[in-house]
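Scroll down for the structure; my scribbles are underneath it.
Chain nomenclature is as follows: A, B, C and D, assigned in order of appearance, with residue numbering initiated at 1 for each chain independently.
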């Protein structure tokens, strides 16, 4: 187990280095120039060149790469040209914000998704089943930002009961921070929920066919125990796998949602960085996204082996 | 128990948030708050309220601030007397040392707009309250330059209590820096022992909100009291409403459709259509300026040339400058006289913020059979296209953008349009102007004026660009909280800023 | 009345896309206390359906359409058909008063829980005792079914055990609440011969032990001989002969029973004689509309068999048969 | 337990009906995509400033946008654009990805195969959307680049799927027997393996079609996809949402359009799954 995790972690690290390199190479060919974005043309003779020199933009590729990697290894994420700051100082609060958003959405879609999935699996073909099916179909078919915009129109323009945008830290004012969280979290979950429901449903349908479910009935177990203890635990493996795969989708969705709701997270930072051609910042962000994805999938694998003893991690 | 106390603290915060008269201002985004590093207008709002400048400019006139008075010793020497008894936010006394430090740290004039003070060779301290600026060549505009926020005076701190001016600030200004959570908010609070008029606002909270609608919605819901850049189409209804109003802060510059005299690779038969003044005139008459202004929010006055009435040197007699307005017949007439009577196709480049106006321009030019392809690029991508000697503007034929002058004097604007200096959105060169602007600053102010006027007329007559409206920034604010805005029209860096301590609350 | 279970005119139908198939039609049966009733029949004759209908676990699209299943315990009698299969009452009976051993030990245990948990669970839903007690009981019962070193190995997962072991666990789980009726649905078919023997021995010990009433379903007359007191021969959802073991093996009456008996391989038979079988094969339920289900295959078929349906008639107090030969 | 028969019947029926509806909507979409430009009542680019922000009326069925352009015409033309985008991105993604995947999968296990698979897995660790955004930014933001970006960022998943499938296929008994009968590699690939992976290809293609439409809309929404004044649905939503305070209705038509098309694609995918074995992925 431990050995397996170690192997995987080293795998992650290697992966991330390859990612770093890819990203770095990509960056070098991004059109546009951070310095120009910074000055918007209000520049003096030679100022641009001077700045490019200062930010090492004039150095040859391998040199820049070396500098950057060296920085990373010393735990220095690099320097954001747009903010004119150490990236680490910008990055951490944004990271926390995004994690807050993503984890809550994940939590919500699991909390809602599993019971709904089970219900529609148990009452296959019933009205509830049909309804859930159609809803989740619509959920799958709607771009996240459309959810966002429509939610804004309903709750902020017409009803005017929720704040449109922004974030309030929990340690500042719990009620406010929750109010700010509701819409973004919902619009992300709406995108993810269908996948959870559909998967739980199909897995459940498979599992419920098994003999040990019949044994469960024969033992005199209550339906609740049957579905939520015996069947669910067996069907979770597949569900978690899907969550692991769709985590990427979740991340992507979070970028757009953050944009719609002006959530001060990595997504907004990422777009800002792209717009301002802030190379090092983009590199760091993409790297982080890739890392998050890999790590989550590692965690997923570990959870497997906990849920299902038959899966041995070697 | 701990939780409970926390909750109590929150409640405390909320309550005094309700009763203290603090101001919530919605801006686009912050970079950093170092006066000589940043280039973002939003940052300068913060800077201008934390720091003081030596001189301040109000409604076109220079007034003393940290400097009590100033005089030219020679063409190249300006002596400045400093105000006594001014305290920094950290309690230390303000002295000539700080001024010297401020201008020394600008060298080598690389970062931000510090190049603005290239003319300053060094500063010598006469005594604690007197300092002399020595210039490497005469610049009669220096006092005006000193009035810019970029020249905000920062304290000279001892090694022990150094701070990073990018994330933190100690000034002499009407507001103290409290805290800044990146991406969330930046808080200032009143400096009660300000040497000048103490503001009636207790604290100011800036919230960066990139999205226009979001800003507007939060203004409506009362989360914000002032917002920068109201989304244009909502301006009319906001003005109608009884609780809100919009204030157009005019900039020292005009929106223009610049023509690329270099031509481009797409129109082979004739090398570069925009060398033909007939075509330029045709276009200038084909644009429906009313629509363009309306789409931009309908607040900006129409201008006909590079100079705006707010700039020094704007022609005294407006009749000397030709006026051109939407007139399709005329446009078609000019087109038929031009070298390309059956039209041509070209590329129009525009930064994202003017996307919609660019779309309209495209449609207008269709009328005179000019087929326009739109290219919406951000500044970081546009400028290389315009300045890179290899490309030299062959990527685009027209460029829809706005320039504003960093001083009340127009050289910047004019040079961008007319001389070889710097990067050129329109590849028009006239060496004469180079010579002219080379030493214009050395002349005494009043002698500069006619030159500017002449340049203005020249540009308009030749239609170097089609000028559209005076560039402005719209500020939405809630009438219930704020008395009126006009009183705050203060020169800072661009004209489209205001000083928070001038705001009158209800 | 010493019958633990009385099944009267039970009909179970399966609804498939178009037609409905009568898996069991009009079956009457009663099981005496503390006796072992063997139920024999070829696969697909409705043995398992009978068992499941007692448990109230007929899988969809199956359904009990008519009939009653009277179950008597502590001076009360309940009709199991009436009760909803999810109802509390039914749950308190299942696994507690009536419990069942299934054919496939490999798949009949939940792979993601330890066998210990699964038995303990059974105890704790039926009797309110705390964890430690129920764990102790589990260990005891596992000892009784001859499960090696239960103290340690109750933490094993099903996939770590052999078929025989799993079947022992199943039996333990079935017996742990001391049920009145134990239904064993072909408990040995999935196991290889040596293990079969062990399991059968175990069952016999259990019989001697705390005398439960057992309903032993199999297709193997040999097994029946070892286990049962009474035997019911089933053919296409009906009971064709019901008699005590000795009667069946000494003088079977129904041609089908006779056929079955003749098809048992025995050691003391000369090599050259072929093992004789019943000609033809089992008709699908509901295929034969009129008359005796068996007539197409019956060696002694008569004219009336084709259109007259035989009833179960009592020959002696030990033997009932449904065949027109004896009416 | 009880009326289960009815339930099943209803379910089966419902399912089939749904995927039929999907097919219907989808074919309408294709039709409009091809012939839309012939059906439009107005020039979708013609601005008429005086008549902006009109709610639906007799002249403009879907109303007009910020520049007074007829939204109905724009949505119709948008269908064409969306169709074009999706097909092109599909071609890039599925063909390149498919070919690589099949070849790699069919390849004998060797170091090259391992490397390719490893690299592919690394690419898979980029979230699809993030990758698409990145590549678009790299190529310079306009529609064609967006298409290419979407296509490229889909390749890894295709490679993954096909690699796995072909791998499992080629080790099946019938292939082995075919080889032992001396069938050539090519023949096996085309006569035995491809027919068997066709269903998977189909389902994935349909799903990816849906995904593409969403991705394009998203890129345009962020502002790095289609360039104005092109009536791409995503761009329309963005511009509408910019003015949603003045004219909220503007968001509805393009959103509905996207929703319907993607929905129909998903319905069809479900239908296809129904007919083929459920354990596709």
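In this text, a residue touches a chain if its C-beta (ideal position, glycine included) is under 8 Å from a C-beta of that chain, and two chains touch if they have at least 3 such contacts.
The shown structure was predicted, so the numbers you read here are calculated from the model rather than taken from an experiment.
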Any chains in contact with both chain A and chain B? D
Nearest chain to the global Cα centroid? A
Two candidates, A-C and A-D; the one with more touching C-beta pairs is A-D
Chain centre separation in whole Å, for chain C relative to chain A (CA means): 54
Once you find the CA centre of chain A and the CA centre of chain D, what distance in Å lies between them? 22
Any idea how many Å lie between the Cα centroids of chain B and chain C? 91
Quick check on chain B: which residues sit in contact with 2+ other chains? 213, 217, 377, 381
Residues touching two or more other chains, restricted to chain A: which are they? 31, 152, 157, 259
Multi-chain contact residues (two or more partners), chain C: 85
Under the stated contact criterion, what part of chain C meets chain A in this complex? 55, 57, 59, 85-86, 90-96, 99-100, 102, 104, 107-113, 121-122, 125-126, 157, 159, 170, 173
Touching chain D in the complex: which residues of chain B? 212-213, 216-217, 231, 233-234, 237, 288, 291, 294-295, 352, 355-356, 358-360, 362-363, 374-377, 381
Given the complex with chain A, which residues does chain B contribute to the contact? 6-7, 10, 13-14, 29, 31-32, 34, 37-39, 108-111, 113, 115-116, 118, 166-167, 181-184, 207-211, 213-214, 217-218, 220-221, 223, 377-384, 386, 403, 406, 412, 416, 422-423, 425
Touching residues on chain D, where the partner in the complex is chain B: 45-47, 49, 53, 66-67, 140-141, 223, 227-229, 239, 241-247
Using the touch definition up top, name the residues of chain A that touch chain D in the complex. 15, 18-19, 22-23, 26, 29-31, 124-126, 129-130, 137-138, 140-146, 149-150, 152-153, 157, 202, 248-249, 251-253, 255-256, 259, 270-271, 274, 282, 286, 289-290, 293-294
